[in-house]
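These are the structures, in structure tokens.
Both complexes shown next keep chain A, but they swap its partner, so chain B is in the first and chain C is in the second.
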Partner chain A sequence: MVRIILNRVYAVRDHWSLSASGTFHEGVHLVNGDVGSGKSTLALMMAGLLPLPGGSIEKEEITSSMLSLQFPELHVTGLSVAEECTSWGVTPDEILAAIGLSGKKDISPLSLSRGELKRLHLACVLAKDYDLLLLDEPFSSLDCEEKVKLCARIGQKSQGITIIFTHEQEILPRVTRIWEIVDNTLVDCGTPPDAFQHWRHVPPVIGKLTALGSRPDNISLDDLREASCRIQG
Partner chain B sequence: MITIEYLHYRNLAIDTLIIKPGITTITGANGSGKTTFLKLCAGIALPDSGTIMIDDAPPRQTGIGWVNEYPDRNLLFVNVFDEIASPLRFRRNSCESIDSTVKSCAEAMGITHLLKRAVHELSGGEKMLVSLAAALVHHPKVLVLDEYDSHLDARSMAKNEQIIRSSGAEYIIRCTQQMDTAIHSDHLLFFNTGRICHQGTPDNVFPLLKGTAYYPVLWEC
Partner chain C sequence: MQDPRMRIFAAAFLSIAAFISLQGADAAFLWWLVFTPRLQIAKRIRLVFSLIFMIAFFSLVLELFGGGGLSYFSRMTVIVLIGMWIFSDQKPGEFLSTSVWLFGDRVGFDLGMVAEMGIQSLSSVAADLDRIRMAEKIKGLQWEVRNLVPAGLVLVHGALIRAEDIAELLAVRGYRSGGTLCPEFFVNPIDRVAGLCVLGVVISALIPVSEFFILYR
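Now for the complex of A and B:
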């Protein structure tokens, strides 16, 4: 069984620090936190791209991993959109048709709008299965329809560990476990819906639905709408 | 009033549009022309044809605060203090007034602890907060924000919403994919393929978006 174990991982910089302990099992995990709380730093450390100032990270039965950075432009290596697809080992025509960018395969990826570039990047990342997939702010720059599609794509993953580092509050996939960074520490809030009562960054919509007597089962848009429908009868 | 007439630029076409003072929010699909529209309102791009007049002056003769959706494209200087101070230095304000204005702006936005940091060390959200401070520090008449909220958490957004509203900017034109933010607007524009499909107050527009991902979950609760 794949899992990633954080043993007293510690990072420090000037007046900021982060400590993280916990075990991430197979499934989809959400990691929340305020701006500057260390979500991206934690993602980089879990990906092995930042040295650990303290503690250790154990990866069990993880043979393939991928980190999707918050800024898609940092991933670009191809001079054209088609070249960019090829660099990820995917067939340009197939993937570009799926994301509605067929007519743009010969232009520079950096000429795409930010949302289009994010779509291209995520399509390339999600074209393959990884034992450990780390997604840093995958929803930023996507429009609402694309966020819904991304949630559906993440929901189709049947194996491996997917960890989403985000502050997105409205359109999210159904998740297995919720974590958050509070007071410089990674906190395990548990599984939804019980996690909602401990979750300091609980999205306002979930708080309002719960206050209205209709707690959603999970955090996906479908769960929220189902809970909303219960109120409306 | 911002008056737009017979505007054409690339794939964007708007026959007539009046934007009243207050918060105008734009939403719609990626590639629908939202950023292009914001760039024209900010005077960063000039229309191929047609006009944009802000109280009888073109955008380039109006005080504009601009925040780009790419955090790194907002930042010109090495450290945070210099970045926020830059609009005031370009106006040749005195060193004393620049120093006090930057510090009070940073304090109001809760980013005093970032003032001595190098901008390249900041997180994406912190970069956006610094960019917003630099856009507001010279008290623009028009504040143009291109999805700056996509990098911010709910707590930062709530705080900044108050700062933006009390900034003194007569016109706030912003693009967002957060419908909880769009709800709190005076005017809402919904773009599709370079055209404005729906416009009005959120009360007018959201019912027309029912069944789409743009329809807020709690709208009818």
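Now for the complex of A and C:
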């Protein structure tokens, strides 16, 4: 069984610090937190791209991992959109048709809008299966429709550990476990729906539904709709 | 040095002294050893080692094919060290204050603001470069020459986007040219001693030591 264990991991920078402990099992995990709380730093440390100032990270049975950075342009290594797809080891025609960018195969990826580039990048990343998939702010630069599609795509994942680092509060996928960075510490809120009572920055809509006596089962739009329908009157 | 005006003038004179003669370079290096936090500079700006390595390479080529490589290496290394010191000691707003002090609220403000933006974009470019290297590692690519072209494109693209964003923000806020600023500078006694020593370095660069001793005899 794949899992990743954080043993008293900590990072310090100027007037900021982060400490994290916990075990991530197979499934989709949400790591929520304010902007600047340390989500990206934690993602980089979990990907093994930043040295750990303290603590350790154990990866069990994880043979392949991938980190998607928040800004998709930083991943660009191809001089054309097609070349960029190839650099991810995916077939350009197939991917580009799926995201509606077939006509832009020969242009520079940097000529795409931020939203288009994000779609292209996520399509390439999600085209393959990884034991550990770390998505740093995957919803940024996407419109509502694309966010919903991304949630559906993440929901289709049936194996491995997927960790979503985001401050998004509205459109989210169904998740296995919720984590939150509060006061410079990673806190395990638990599994939904019980996690909602420990989640300090619980999305307002979930808070309102719970207050009205109709707590959603999970955090996806379908769960929220279902909870809304349960409200009497 | 707390006063950015003194720091800029010190850096300018020390660089000139180091460039014009080997004695000047030696004296400037001595000044750098005494008055700057040497280790902190090296820690904060890792680029210093790469630059010195590059200078060493060109110096070796010069020494082998035309001579004077050692002198070139000494002088250029000191200039790089002085440059690194002024860059690492710089705090946000200092170029703006110095420029306004020198050239006034209109031209000085504009020049200072451009310098501040330039310095800011340097740190953004350095942060981007770090992330690009990570992204290449994620894709399993080696950091090699042929990957420099797309990396360079991403860096230039990012810098242009940021410049455009800043220009739009300034325009939205009604900026046209110039501004009001009352710069304040603080000088401590050690800075005054360091400033006087800069004069000594410049004099040592201008008057060759051998001639001084001949005159003395």
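Miscellaneous remarks
Here, the second predicted complex is superposed on the first by the 231 of 233 C-alpha atoms of A that agree within 3 Å, B and C clash if a C-alpha of one lies under 4 Å from a C-alpha of the other, contacts with A are read in each partner's own complex, and residues count from 1 in each chain.
Operating definition for what follows: contacts are C-beta pairs under 8 Å (C-beta built on N, C-alpha and C of every residue); 3 or more make two chains touch, one makes a residue touch a chain.
Since the structure is predicted, the reported quantities are computational estimates derived from the model, not experimental observations.
The superposition on chain A brings chain B into a clash with chain C. By the touch criterion defined above, A:W88 lies against chain C but remains apart from chain B after alignment on the C-alpha atoms of chain A. Contacts of A:L110 after superposition on the shared chain: chain C is touched, whereas chain B is not.
Of the two partner chains, chain B is the only one touched by A:D143; chain C is not.
With both structures placed on the common chain, the touch criterion links A:H167 to chain B but leaves chain C unconnected. Judged by the touch definition given at the top, the superposed model places A:L49 against chain C, while chain B stays out of reach. By the document's definition of touching, of the two partners only chain C reaches A:M66; chain B does not. Of the two partner chains, neither chain B nor chain C is touched by A:N7. The partner of chain A that touches more of its residues, comparing chain B with chain C, is B.
Once chain A of one complex is fitted onto chain A of the other, the partner contacts of A:V76 are limited to chain C, with no touch recorded for chain B. Only one segment of chain B in 20-28, 38-46, 92-100 or 110-118 runs into chain C in the superposed model, and that segment is 92-100.
Under the contact criterion defined above, the residues of chain A that touch both chain B in one complex and chain C in the other are 71, 73. Listed in rising order, the residues of chain B touching chain A in the complex are 27-31, 35, 69-72, 113, 122-126, 128-129, 147, 150-156, 177-180, 212-214, 217-218, 220-221. Of all residues in chain C, those touching chain A in their complex are 128, 131-132, 134-139, 141, 147, 149-151, 153-154, 157-158. Here chain A touches chain B in the complex through residues 15, 32-36, 39-40, 70-71, 73, 113-116, 119, 137, 139-148, 167, 169-171, 201, 203-205, 208-209, 212, 221, 224-225, 228, 231-232, going by the rule given at the top. Those residues of chain A that touch chain C in the shared complex are 44, 47, 49, 66-67, 69, 71, 73-79, 87-88, 108, 110.
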